[in-house]
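Naming follows writing order (A, B and C), and every chain is counted from residue 1.
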Amino acid sequence: MSYPTQFRYTKDHEWIDAKGDLATIGITDYAQHELGDVVFVELPAVGAALTTGKTFGSVESVKAVSEIYAPANGRVVEANSDLQNKPETINSDPHGTGWLIKIKLSDPGELNPLMDAMAYEAYIEEKKKEASA
Amino acid sequence: MNDRIKKATRHTNQNEGLIFEKSSSGKRAFDLAPLDVPPVSVTRELAEHHRGNGVEDFPEVSEIEVIRHFTRLSTWNYAIDLGMYPLGSCTMKYNPRVNEHVARLVGIATEHPCQPQELSQGCLKILSLLEKCLLEITGMDAITLQPAAGAQGELTGLLLIRGYHQKNGNPRKKVLIPDSAHGTNPATAVIAGYEVENIKSNADGQVDIAMLREKVNGGVAALMLTNPSTLGIYEQQISEIASILHDKGALLYMDGANMNALAGITRPGDLGVDVMHLNLHKTFSTPHGGGGPGAGPVAMKKTLEPFLPVPVLVEKADGKLALDYNRRESIGKVKAFGSNFGVLVRALAYILAYGPSVRQATEDAVTNANYIRKRLEGIYDLPYTRPSMHEVVFSDAIQKKQGVNTMDIAKRLIDYGFHPYTTAFPLIVPGALMIEPTESESKEECDFFIDAMRAIADEVEKTPEAVKTAPHTTRIRRLDEVAAARKPVLRWKPESEHSGAAG
Amino acid sequence: MRYLPKSPAERQEMLAAIGVKSVEELFTSIPEQYRLKQPLNLPGPLSEAEVIDYFQARAAENSVGYSSFLGAGVYSHLRSVVTDALLQRGEFLTSYTPYQAEIAQGTLQAIFEFQTLMCQLTGQDVANASMYDGSTATTEAVLMAERVTGRSRVLVARSVHPEYRDVLRTYAKNSGLTVEEIPFTASGTVDAAALKGSLRDDVCAVVVQSPNFFGAIESPGPLAEVAHSAGALLVVAVTEALSLAVVKPPAEADIVALEGQSFGLPPSYGGPFVGVVASREKFVRQMPGRLAGQTTDQAGHRGFVLTLATREQHIRREKATSNICTNQALCALAATIHLCLLGKEGIREMAEQNLAKARFALAELEKIPGVKRTFAAPFFNEFTVEFPRSVKMVNTELLKKKIVGPYVLGSAYAELTKHALVCVTETTTRAQIDNLAAGLRSALEQTL
C-alpha cells in the first residue's frame, strides 16, 4: 500500500491529514499490519482535548493493545463511530474509511516537523530491517 | 508424520454439546434425604420482592449424563498425566495422588475456618510444619501462607515493603522491574500503589548493574527480580544487586516462580533477598487444575515480620498453636478465611515425601533442561548463551527465514503429541521458545520431545506449509479468536433468547 | 525417589550427553559460597503410607465427631462423590490454563458452562471464569467500579462480611480509594437513609451483601436506584450462593461478587474456594479475570477460547484490569459439576430444606427462656439470636457436648456482645438441632 503524500506521519505510526485547522487522524498500514486483526477501538469523546505526545485512545487486536498518541494539540470534533461495529475497517482501509478521529488543531504549524510520506516509508524500511536482523 | 515418533496419541471423541443442550424437564441427578423437620412454603417465608427463580434455566439431566458429559470433555484436554508440558516458568511437574487423598480426609477437608482453635490443632500443626519447611528451603525468617496465588503473593510482598518504608517515614514511589519480568509483576506494582520503572536487561539477559546503580535512589522502594531470570539463567550478581539496593534503603523482592532451579541447592535468603513469594502450584506440585487454585506464600527477613498479614500463627506457652490477630503494624488481610488450606496440605505432603532429597528433584530438573538445550542447540537459535538452569529459551530466528515463527512451531508440536512450550515470552526475546521440562520427565519423554522438535525443524526446511497451518490432528483447529473478541459470546442462552448466531 | 523417572544409569547418560561429569557442574553459575553443602533440614522422606499416617493423625486432632452451627461465609452442604470422581480425572486435575485452545476444549467448554450458570444465578449478562474467592471478588468489583466511574469513594455496608471489608481495606489503602461504612438498621438490613445521606457524586460503588452477614436478605432494587441517583454503581456480594435458588437474583446490581464455595467445595479450613465477578455487558472490557468465549474453527465447528485477553496482565501489564493470573479453575469446575448434578429441581429442593431447617431451629431456640430473635428481616439459612449471657460462655458449654456453637458476633461487632449467628443447612439433622436446643437450655440455666 502506498502512503498518501498529503499526509504527515509520526514515529508511532499515526497519520494526520490537515486541511486548514481541521485534521483527520488514523494509524498507518504498517501499524495495522503489525497489530493484526483489530477487534476493538477505544476513542475519546467529542470535545476531548488532545495533548501532543499523550495517548488519546487505543487499538486492540487479539494479542496486543496499541496506544495511540496525539501528533498535535487540538480538540476532538468527531470520532469514527463506524469502528464500533466494524473495527476491521482499520485493517482493510487504514488510510481512508478506517480513520479514527477528526480534530480542530490548536496550531497547524505543529505538523511541520512530522515526516512526509517519503521519510515515513524510509523509516519503516529501517524498522523492517531491524526486525529481520 | 514421522513414524519414529512413538509418543502416545489421543483418541478424539465425539462431539459433545453443552450440558444445557442435553437438558429436559423432569430429569434428576441428585436426591436428598427426606426433610426431617416440618416443610415450609417459600411463598409464605419470602415476600414477593425477595422471591425469584434464577435457576429456571438450570440443566436437568441424570447422573450418568453428568458423568459422560464431563468425562467426554476431559478427553479433549492435554494433561501432565498424559505427557510433558514444556512450558517455561510453569513448572508442570507430576501432581502426586497421595496429595489428593490427604486433602480430602475427614478432619482435613471438613474443618471450618471459624471453629475454635482448640478444635483445630491438627490444621494449625499442618500450617506450622509447612511454614518451617518453607523457611528452611528459602532461608528466610518469617512467612505468611495467606496469599491465594503468585500474583497475590507479589501484592502481599509489595504491601509488606510499603509498610516497611512507611514506618521509616517515606513509602517511596517507584518499583524497578526488569523488562524480562512476568506480566503479573508490573500489574501488581500498580495495584500496590507504585509507579513501574522498567530496567533493561544487558546483552547476557541479566540485570544491567551500571544501569541499576543509576536508577536506585531514595525514591525507589524495591526491585522485583526473578531468579533464575525468565531466560532460565541464574542472576549471578544477585548479591551485588542486593547491596546496591540496600545502600539506598531499598529492598530486593524475588519472584519465586523459578524456585525449581534452586530448592536444596541455594537459598534466596542467603543471597540478600529481603522478601519473596513461592508458587506452590509450580515448585511444590499442587495441581494446576486447568488454571488454579494455587497458593503464593510470602517469606521474608525479620525486618518485615511486623507487617505480616493477620492472623499470624504462634505457639503459646502451653505448647498449643494459636492464631494471633493482635498485630499493630500488620498490613491487614489479603484474603478471607486464612488461606487456600487445601492447597497447602498438598504442598506439605509433597515436601514430606521428598524430605531433604528435594535437592534431587532440582538436580533432575536442571539436568533435563540442559540435556534438551544440548540436543537442540544449532537447530534452534540460542539468543543467550550463559548456562541454563531449569529452563532454556531458544528463538525462532533460524526458522523465520522460511517464514515460520514460534507460534507455528508450537502448534505443530501439538501434532507430535505435546503441549506447546511458552511462546512470545519473555518479551526481550522476539519469537521465543521457552522450554522447562521439570524433573518429572524421563529420559524417554525428553528424547521424544527432542525428536519432535528436530523433526519440526526439518519440516520447516522441507515442507514449511505443514508447520504454518498446524495443528492438523486435533478435533478443533485454529479457532477464530478475532471473532471471539469482536463479538464476545460469553454464555449460553435458552432458545427464546437466542439471536440465532450460535451453533 | 518414586516421583523421579530416572535410573542412575540414565542420569549418567544424560550428563555425558550434556558434556559434564557430574550434576554439580550444572550449578557452577551459582557462586560457590552460596551453594549449600549440607542437605536441608526437612522432615522425611516419607513413604506414601507414612504421608497418609501423618495427615490422619492431624485429622484426629481437629473437630471430627462434632456437630456445627457455623456459617459466617463458609457453609457445609452436601457434595456428591460424582464431583470428586470427575474432578480427579487427570485431564482435568493436571491440565494447564487453556491458552492453547485446541488441546484444552474440555476446560474451556466447562468454563463456558460455569459462566452461564453464574449469569443465571446472579441475573447478570457476563460472569468471569473465577477469582480467588468472594472476598477478593468483592474487592475486584470495587476496583472495577472505580475504573468505570473514575471516582474513588466507596460506601460499604457494615452488614457486609467483616473479613470481606478487611480485604477491601487492605487493597483500597494503596489504590487511593477511601472506604466508609454505612450502618445497619434495627431490622438487620442496610440503613438506606444513612446511605442516601453519605452519597455524593464522588462515590464509585455502594457495596452491600445479600443475605448479609447477619443472615438478613437485602433489597437490591431500591438500593440500586439510590446508588444510581448519585451516579454510583451497586455492588452486591453473595456469600451463600445457595440462597439464589429461592431468593431473587440481584439483577438490579451493576456488579455481583459471588462466593461459590456452597457448590461442591468443602470448607477445607478456609480454602480453596471460588469467587466470581458478574456484571452488565457494557462493562465487560473493565472486568477482571479470564473469560471463555464461544467461536468457530476453520471447519465451522463450535469451540471455545479465552477471549478479551487484552484486559489481562500477560498483555496489558501495568494497565491490566487486575494482576490475577492463576485463578480457581478446578474449584469452578467442581461447582459446575455440582450444579449440573443438583439441577433445577435439586437445587430448589436443597434450598427449601435449608429454609425449613433454619426456621425449625429458630422456633426451637425461641422456646428457650431469654433467647430472642434479633432482626426482623427475612433470612435464608442463617439468623441472629440474642442470648441472656455471653455467647462465648455458652459455646464453651456446648463444646463439652461436642457441639460447635454459633458464630460469636461480638468478635466483629462491638455492640452485639450477646448475639450469635446460627447457621443451619440441609446437612444439619433434627437430632443435632434438638441437641443444640437442649445444650443451650442447660447452658443458660446454669447461671440462673
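Just so we're on the same page, a contact is a pair of C-beta atoms (placed from the backbone, for glycine too) under 8 Å apart; a residue touches a chain by one contact, two chains touch by 3 or more.
Everything quoted here is computed from the prediction, not taken from an experiment.
Inter-chain contacts peak for the pair B-C. The central chain of the assembly on a C-alpha centroid basis is B.
Taking each chain's centre as the mean of its CA atoms, C is the chain most distant from subunit A. Averaged Cα coordinates give subunit B a centre that lies 20 Å from the centre of subunit C. For the pair subunit A and subunit B, the distance between mean C-alpha positions equals 38 Å. Subunit A and subunit C have Cα centroids separated by 45 Å. Looking at subunit C, one finds that residues 309-310, 315-316, 319 touch two or more other chains. Along subunit B, residues 481, 485 each make contact with two or more other chains. Multi-chain contact residues of subunit A (touching two or more other chains): 40, 60-63. The touching residues of subunit A, when paired with subunit B in their complex, are 37, 39-40, 60-63, 87-88, 131-132. Considering their complex, residues 400, 424, 430, 481-482, 485-486 of subunit B touch subunit A. On the subunit C side of its complex with subunit A, the touching residues are 285, 309-310, 315-316, 319.
Interface residues of subunit A facing subunit C in the complex, by the touch rule stated above, are 40, 60-65.
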